[in-house]
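By written order: A, B and C. Residues from 1 in each chain.
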Amino acid sequence: MVSPPPDSPNPGDPQRAVKLSVRDLTIRYGETTALAGASFDVLENEIFGIIGPANSGKTSLLRVLNRMDTFNAGMSWQGQVHFDGQDLRTWRNLYALRRRIGVVFPLPVGLPMSIYENVALSPRLRGIKSKAELDVIVERCLTRAALWDEVKDRLSQLGSMLSGGQQQRLTIARALSQEPELLLLDEFSIAVDPVTTMKIEDVLRGLKSEMTIVLVTNLVQQARRLADRTAFLLMGECVEVGDTEDLFTSDDRDPRTRDYVEGRFG
Amino acid sequence: MAKTQADASPDALDMAWFWDRIAQGVVFLGGISAIVFIGGIFIFVFKEGFGFIFQDMDVVEFFTSPAWRPTSDNNPTYGTLALLLGTASVTGFAVLMAVPLSLGAAIYIAEFAGPRARELWKILIELLAAIPSVVWGFIGLSIMNPLIIELFDVPVGLNILNAGVILGLMAAPIMTTIAEDALKAVPDTYREAAEAQGATRWQVIWRVILPASRNGLMAAVLLGVGRGFGETMAVLMASGHSINIPGSPFDSVRALTATIAAELGETAQGSEHYQALFTLGILLFAVTFVINLTADLVVRGIRKQS
Amino acid sequence: MSAEAPAPSGGPSMFAATARNIQNQRVMTAVKSLFLGMTLLLSTPVVVILGVLLYKGLPAISWEFLTADPINGMTAGGVFPALFGTVCIVIVALVASVPVGVAAALYLSEYASDNWFTRLINLAIINLAGVPSIVHALFGVGAFVLFFGFGTSILAASLTLAVMTLPVVIVSTRESLQAVPMAFREACWNMGATRWQTIRKVVLPNAISGILTGIILEVSRTAGETAPIMFTGAAFFLPFLPQSVYDQTMALSLHLFVVSTQVPGVPDELPYGVALVLIGMVLVMNSVSIAFRVYLRRRKKW
């Protein structure tokens, strides 16, 4: 079964908790509608893929999820989004919300401070001051982001001067330093070489057991490799949601889904 | 590891939240400071001068009479015509001299000079702008004065010519800088399109770039005029001390700004003379306000076009 | 550009210079020389002025000149009290204007949205920068000397100058803040940092250099101004150094003005010496600012 479930989490596994619940989400920029009436659930500890061609509303969706829409003057949204059961609109301290959600952008961003400080930033903002603690966190996050070996001898160098692939892993290390419950990745491999992409995909597989991951990607095969369940967005509409394999092979698929994943358009 | 942040209340307002709010308030106060001060300038200058405006001033005489004799015993008069013409003549001379030079320099720097040379010229012009106005006035007194007396065989070297040249040199840097910005703002595509049709550099400049940057150049001239209009010390020291209607560039004149500077120290606070000087201040404020507003609108006009 | 190329098969080459071309080139060269001449006309005065001041003023400069008091009714001696006064005024003006200016720039760069209110603020800044210095003096008298009751004092003079130079700090700070790429801010916000935390940790530290440049520029402007301090706190002949910010003080700029216009019997090199000290101070500050800017541009962090 592959159509969007009206109100129940996942047809496959009724026991798993719902980390993120989206109902009838419509996102507008002024007069333009970026996303119309999307509904789906993201289960805890899964990798949830979102695929679709450009301008389908994928990035806008992510911006709503961590309430970064407050930084966009012209952006507005309707519908309901619940994170861990709490309605996003009722969160008072949005900074606390964002701290629990890590984000990786398409373009790698190394902050203009040392590699060490890049990863230590979030713990410092949380109040952790002792160097010993920070050292442990920095090493752990850089290791889990598959970057430690390459930079362990030059932690004082500027993060903004690393190569693109290294900066992207640095971004992941920074996201991990938040100890997030939810990790959002928006087309992370666009500006990154294939070898680094593979490394990061391995990292993501390893992280699944500790957090929930939403992976927006324009690489259909990447979704197939990584995602447990996937949503297909097309021109602002959530066409269908379901187990990834079903989206790629099932006979019950929406024809648009079939055309997209088989490369007939994109 | 996913649950280490399950605090008692994950949505609590913490110190970071409060500091952010406080910072926002403080920064906003800083933001409105400029408005507060501009308003304050108008209010306080008006306050000290309003007695004159509403009680003693004869508006017609104020603007049309050349007789500025505030210290006369029996009949003090406050005609500003000579002062206005003094300011106008010196500023006019300065602008006439500086506009072509600034424009030429801006064109050279923007279109002809190589990158290293450009840096050098811009530094020299920036240093020109840094010279304090009292030093300029001193130069007018000690260098230009004897020079003019000798070159033109006139008895007095403190006159419109002296102050005009100095003001021109003072206003030139800002005119050159803004004009250069305006020229540089013309997209390279214009230049490339013209050169592709075989035009020489100069033809490109004359037919394409100058017309396209017209607004910015106008703004540059306006700002230069504003600078010249409001200049005090240099004009005070270099234009002479006679309050009369000028007839030639070798006449000594007195400008509005210089009048205030020269006479304020001798007035009693609250006296009619004192208030009249503040009224001159309001006049100056109003004129430069209009000039700056116009220049800003003109510049905004360019931005809308591009 | 239009040189003669050898014709491949006899006859005039397609790229040979036509008469029209040659004429255009001549016009170009003439025009270029004209504009170069104009540029020279505008930039050589700096060198000439400095030269004359050095030539005539250097004889007056000595360590004693800078550290001793004036004597004989200001016709001899040194300029120490004036130098000291200028430094005091500059410091107080900085203390007053830098926090306000940086806050204003932060507001404009980090918080303000593009609406009429922001445009009003920008307009106010431009106007504040364009107000004639004597009008600032009148404002200083009306507001600080009289209304707030500071009397003619370092405080009144410095505050007047602070208001006058506020635009310089705001504009240079705002420019250096806006030079920090938006991507850095977004990365921090997405991590849950507040606006203020982002400014504190990423934006301000990377804009400090621009802020310093603006401050140096402000110092050089403040040190050279005469009209705003003439009636608000600077005086020509004071027997003692100022003891507090409520006292009057001497100042280099005013000193130059009076010595060159109102004191009889002054030996030639004295006013030149004062002018040299003043312009020296100002040009050194400006050169430091320029050099700093050039250095920073080379030392990119991203």
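Here is the rule we use: a contact is a pair of C-beta atoms (placed from the backbone, for glycine too) under 8 Å apart; a residue touches a chain by one contact, two chains touch by 3 or more.
No experiment lies behind these values; they were computed from the predicted model shown.
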Chain at the geometric heart of the assembly (C-alpha centres): C
A-B or A-C, whichever has more C-beta pairs in contact: A-C
Subunit B and subunit C: spacing of chain centres that average the CA atoms, whole Å: 14
Where subunit A and subunit B are represented by their mean Cα positions, the distance between them in whole Å: 54
Subunit A and subunit C: spacing of chain centres that average the CA atoms, whole Å: 49
Numbers and ranges of subunit C residues touching at least 2 other chains: 194, 197
Touching two or more other chains - residue numbers and ranges from subunit B: 16-17, 20
Multi-partner residues of subunit A (each touching 2 or more other chains): 95-97, 99-100, 125
Interfacial residue positions of subunit C with respect to subunit A in the complex: 113, 183-184, 186-194, 197, 201-202, 206, 301-302
Contact set on subunit A toward subunit B in their complex: 86, 91-93, 95-97, 99-100, 125, 179, 181, 210-211
Complex contacts: residues of subunit C adjacent to subunit B: 24-25, 27-28, 31-32, 34-39, 41-43, 45-47, 49, 52, 99-108, 110-112, 120-121, 123-128, 130-139, 141-143, 146-147, 163, 166-167, 170, 194-197, 199, 220, 223-227, 230-231, 253-254, 256-257, 260-261, 271-272, 275, 278-279, 282-283, 286-287, 290, 294
Subunit C partner contacts - residues on subunit B that touch it in the complex: 16-17, 19-20, 23-24, 26-35, 37-38, 40-41, 44-45, 47-48, 100-105, 107-109, 112-113, 119, 121, 123-128, 130-135, 137-139, 141-143, 169, 172-173, 176, 200-203, 223, 226-227, 229-233, 237, 257, 260-261, 264-265, 269, 277-278, 281, 284-285, 288-289, 291-293, 295-296
Interfacial residue positions of subunit A with respect to subunit C in the complex: 66, 68, 71, 73, 95-103, 105, 107, 109-113, 121-122, 125, 158, 160-161, 171, 174-175, 178
